[in-house]
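Presented below are the structures under discussion, each in the form of structure tokens.
What follows is chain A paired twice: with chain B in the first complex and chain C in the second.
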Partner chain A sequence: MKKIFSRLLNHLITVLLYISGSITSLIVILIVFFLFSEGIGLFGKKPTEDGFIMAVNKSNTVNHLNAEQIKLLFDGEITNWSEFGGKNDSIILFRMDNITDYFTEEQIGENFENLPACISKVVDSIPGIVAFVGKHYIDKNFAGKELQVDKITVGDFMFGKLWFPTAHPVAVFGALPLLLGTFWVSIFAILFALPLGLATAIYIAEVAHPTVRNILKPVIELLAGIPSVVYGFFGLVVVVPFIQNAFNLPVGETAFAGSIILGIMALPTIITISEDAIRTTPRSMKEASLALGANHWQTIFRVILPYSSSGITAGAILGIGRAIGETMAVLMVTGNAAVIPHTLLAPVRTIPATIAAELGEASQGGLHYQSLFILGCVLFIITMIVNLAVEFISRRNRRVAS
Partner chain B sequence: MYKIESKEVSLYYGDHLALKNISLQMKANTVTALIGPSGCGKSTYLRLLNRMNDLIENVKIEGTVLIDNKDIYARGIKIDDLRKKVGMVFQKPNPFPKTIFENVAYGLRVNGISNKSYIEERVIRSLQNSALWEEVKDKLNKSAFELSGGQQQRLCIARALAIEPSIILMDEPASALDPISTAKIEELIYELKDKYTIVIVTHNMQQAARVSDRTAFFYIGELIEYNDTKEIFTNPQNQRTQNYITGRFG
Partner chain C sequence: MSSLVVFFLVLILGFIITKGIGVINWEFLTTMPEDGMTKGGIYPAIVGTFCLVGGSMLFAFPIGVMSGIFIHEYAPHGFFKNFLQLMTNNLAGVPSIVFGLFGMSLFVNKLGFGDSIIAGSLTLGLLVLPIVIRTTEEALKSVNDSFRLASYGLGAGKLQTIGRVVLPIAFPNIITGLILSIGRVSGETAPILFTVAAYYLPKLPTSMYDQVMALPYHLYVLSTSGTNIKESRDMAYGTALVLVMIVLIANLIANALRKFLSKKVKMN
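Our next item is the complex of A and B:
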């Protein structure tokens, strides 16, 4: 009777585990699917506002431009068509507001009835012109030609240098600054956190007196549980002013500040996992080293660290993983400038910070909204790679150990 | 003049008295076997001789241990130097996760030796002396984990020989090995006797009888009898020794 009951219980538990396992996997897949389906519409769309077109002189040999080029054009950064592969004509911008520079109000007509003809005339008479006008002012007799706007491609998105998701007349979605921002902040966070974390792990595992260890370990594990806003606040109040003063900068909100805060946040992960790895070094291995006349430090560096290197690597990668995905603290201390950082002391913006800061203001279903979901996908892929790397390393570790 | 001498040594693990007043003398270039039922303190005594017990917390030691007439527990003694002189082979083979070559070279490297040709020469010599050379000469750069258990144990012996100690401690070096590997190790011990003073813990009576010159019988932390091996096995003075070697307990 008892036997049957426990058998039944076993069965029930197996079934429950099976169900919860498959439901969890399904939900993860659904989330990923949702991210992609929300964002994928971005590609293949034109980044211009609906109802507007760009018109140029018939003689202009440039036929199409992408969003980044248009942005540079309207910002006056590029002033000659030759830079777009066209003729050597300087670029003259024309918007609807400019119409009165060329025509009197009588010529345009009381009810703007002559406007299409006026626009046509202007575009026809100035070779270097580019006119950004409403579609309904372009009629059949239009003397210029429409400048085509390139659709957004994956390449533009991943390697575009400009992130202006709300710019007029074209929005520019180049995620490179955000990718690089994430990359810089994370790399330097790990460069700063790994030596420090490893040293602490070695100290706790091998050097510290047991009483010190028993105090230190729970404290460090506690650090992992502090909400990231608190770290961000600490960064804002302590680290940012410090950096500003130390390097004599106009603002202290920099990639460097983000790296330091992320490094501190990654420390508990790195310390805990490395320390566990160091402790798995068999006693016999240490004794063998000591018995050969090696001192404690030689034993640590020549036997214990090599033996636990894959565990330490896993700790470091998980630390990076946390850094890459971290949002709030970074948002608070990095200055949030979506530009490609050339030094650590410049403001940057990371992918998660961008999503957090912009999702609220992006209208649902719009290009901006979709671009943020694509950013989410990119982030997902990066963290997935990081986790696979950990899995791979710890699997290799298991093989070596056995 | 003795190579190793302990005078009324007692050792406590916390409150637990693991060795009681042990006095023992060993001459240079002899093999001494430590026998006795498990838990009687053989390993503890062995580890006393290279101060391995120092690693364990709450260990208290009384009495004196002399090696080459010097008190190894005296103030100012450098433990690293002592351990260079007193090599150790453990019960289970414990090679480092390094290549075969680097395992043997380890002791030299940590002692600050960096002369490549000298290291190479010592590694080869040590592998020859531990009767492993022929088996590994073509794969010195392979991981030590690729060797069989018996080969790994001989590698550990080679590793200990490389730093040219004068004493080698062996804690049941063949207990984890098959009979053929065991025979090889025993043969090796016999050959090493010319150059080294060897102390070996074993639970195998035949092995003690085969390889050792002198035998010490321990029983619950006490040294019961210490004599020439032949005497111990043919004419034990103590009843408990007799019971143990005839297999009546243990």
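Our next item is the complex of A and C:
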């Protein structure tokens, strides 16, 4: 009896081990599934508020616009229908508040009973009008036609230049500024961190005395261990005011501040991986180079660096990946303006920072909420590609080395 | 160049320690925040962070260790093992904010835990799972094969060998991973933003379905979105120092342990 029991227990534990062995794969799949299922509803929906429609004059040849165009239209940035491919007519905006400009209160009626007829009349009489009105004010006799709002597409989302998730009358979800902002900050972070990290890695692996190495290694580990919110806090109270004073800017929260902080945060990753790569250089190669009369530095630059270049590349890519996904530090120091970046000395906004800043305000299940989950998917895919690339490079490396 | 790296560390730590050391006293650590968080202490945030660390470790440590054992001892060499290691690495590279989104979607909404300690702990647990798995793998790798063979030679089964021989030898090394993940969990902000963290709570949590304050989120709130940022700056320095101290101590213990153990192994 006891024997059977213990064998059962053995089997049970083995099964448990099998299950927990695949847990990481399971979690990765779950993450993909949940992010997509929460966010995918965004595509194919109209970005207008429920219960409202846009109406234009019957003679207007423009039938549909996308969210970005409508945003520009209602902001007064575009004032002529010809810019949308319609007739050469100037655009006249009409909202519910404007109704009193055209009709007196008696004409509308005490209980707004004549409102549908009034709106119809206005839309019919002005060729360039675009009216944004409640759906229930449009009846069968309406003389204008409905201006269709394009559904949100993947292309609009990825390449749209405007990010106004809470704008009226339509929300605009164009993630391009966020994508570019993310890359902008990360690339400059790496430009700053790579030379520094590489130099440190060479120093630790090839030049430093063992005692110095034993001090440096824990220091680098500590640098990796400091929480990102502490980096952000440091950036906020030290780097940001410094940049503001040094460049005489109105605000110090800039892409530059983000790049510096991210660069420092990416250092440990780059150093550790590059150092490992440099260490894998076979002793025989180094000695051959030295025997040929090359000095230490020539050996480092002509033999060791080329040999370990793919490992160093892997370190740099992984560093970029970490920088792209970093949330809190960036959120705290980059100023979070969703514009396409053109200089280092202006605020930018990254994808993780957008999610962190906006998810709290987005109502669950709404378009804004869904769009943030799609951003999460984009982020996940980017980091997945980065990881796979690194994995590929380092596997090939290991094969070559062995 | 590398002195620059040391310089960065010294600069950051030095700044936070010199600014924060004056704020920290017994009262700061053990009283509630007062006057819109400009006075008083950070006691609830410390308690919250400890709750989260404990909860996430309860979840991540057993599963991570089992997963590590499976990958190193059971999984056949070749594609399957490579795939599992690849997935572990992938999970380690997923940005923390994505964990936050996932935790919010699964634990908070789907499973209906709401903003709670359990949702936050599970999310943080997932985040550190790869760390635990990897250190377990490393620890198992460092166990000399002769121990395994000797155990088999005495007639022990695979599970017995792992449970009675391999794990006891590897265990101190596995603990290093546990300590490192404690450091990581106590510092993470993004995953708890939407799963557990509260802006301000006047009372301590009573069950695992309660919200808590947490040190990293508290620091974020104090330094960016408080109503009187200037007045609460001192509190922020203090909070940052406490947070850094926790992480530093965790790292130092892990390091010391590793050094001590590598000496011991050499002696064997």
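Basically, the second predicted complex is superposed on the first by the 385 of 402 C-alpha atoms of A that agree within 3 Å, B and C clash if a C-alpha of one lies under 4 Å from a C-alpha of the other, contacts with A are read in each partner's own complex, and residues count from 1 in each chain.
By definition in this document, a contact is a pair of C-beta atoms (placed from the backbone, for glycine too) under 8 Å apart; a residue touches a chain by one contact, two chains touch by 3 or more.
Just so it is clear, the structure is predicted and the values come from calculations on it, not from any experiment.
Engineer: Once chain A from each complex is brought into register, does chain C clash with chain B or fit beside it?
Structural biologist: Verdict on chain A: chain B and chain C fit.
Engineer: By the touch definition at the top of the document, which applies to A:S228: first (chain B), second (chain C), both, or neither?
Structural biologist: A:S228 sits against chain C, while chain B stays out of touch.
Engineer: Report for A:Q298: first if it touches chain B alone, second if chain C alone, otherwise both or neither.
Structural biologist: Once the two structures are laid over each other on A, A:Q298 reaches chain B alone.
Engineer: Which touches a greater number of chain A residues, chain B or chain C?
Structural biologist: C
Engineer: Report, please, how wide the angle is at the C-alpha centre of chain A between chain B and chain C, in steps of 10 degrees.
Structural biologist: With chain A as the vertex, the angle is 70 degrees.
Engineer: Now for A:H64: first (chain B), second (chain C), both, or neither, which partner does it touch?
Structural biologist: neither
Engineer: Could you look at A:Y307 and tell me whether it touches chain B, chain C, both or neither (first, second, both, neither)?
Structural biologist: A:Y307: touches chain B, not chain C.
Engineer: Thinking of the overlay built on chain A, is A:A208 touched by chain B (first), by chain C (second), by both, or by neither?
Structural biologist: So A:A208 only meets chain C here.
Engineer: Of the partners chain B and chain C, which touch A:K45 in the superposed model: first, second, both, neither?
Structural biologist: neither
Engineer: A:R396 contacts which: chain B (first), chain C (second), both, neither?
Structural biologist: A:R396 contacts neither chain B nor chain C.
Engineer: Would you give the minimum C-alpha distance from chain B to chain C, in Å, for the three-chain superposition?
Structural biologist: Taking the overlay as described at the top, chain B lies 21 Å from chain C at its nearest C-alpha.
Engineer: Go through chain A and flag every residue that touches chain B in one model and chain C in the other.
Structural biologist: No residue of chain A touches both chain B and chain C.
Engineer: If we count contacts the way the header does, which residues on chain B are in touch with chain A in the complex?
Structural biologist: Going through chain B, the ones touching chain A are 50, 52, 55, 57, 80-81, 83-84, 87-88, 90, 92, 94-98, 106-107, 109-111, 145, 156, 159-160, 163.
Engineer: With touch defined as at the start, can you tell me which chain A residues reach chain B in the complex?
Structural biologist: Checking each residue of chain A against chain B gives 210, 282, 284-285, 287-295, 298, 302-303, 306-307, 400.
Engineer: Which of the residues in chain C come into contact with chain A in the complex?
Structural biologist: Interface residues on chain C, with respect to chain A: 1-2, 4-6, 8-9, 12-13, 15-16, 63, 66-67, 69-71, 74-75, 83-84, 86-91, 93-102, 104-106, 109-110, 126, 129-130, 133, 157, 159, 180, 183-184, 186-190, 193-194, 216-217, 219-220, 223-224, 233, 236, 240, 243-244, 247-248, 250-251, 255.
Engineer: Taking the touch rule as given, give the residues of chain A at its contact with chain C in the complex, in rising order.
Structural biologist: Result: residues 10, 13-14, 16-18, 20-25, 27-28, 30-31, 34-35, 38, 195-196, 199-200, 203-204, 208, 216, 218-223, 225-234, 236-238, 264, 267, 271, 318, 321-322, 324-328, 332, 352, 355-356, 359-360, 364, 372-373, 376, 379-380, 383-384, 386-388, 391 of chain A touch chain C.
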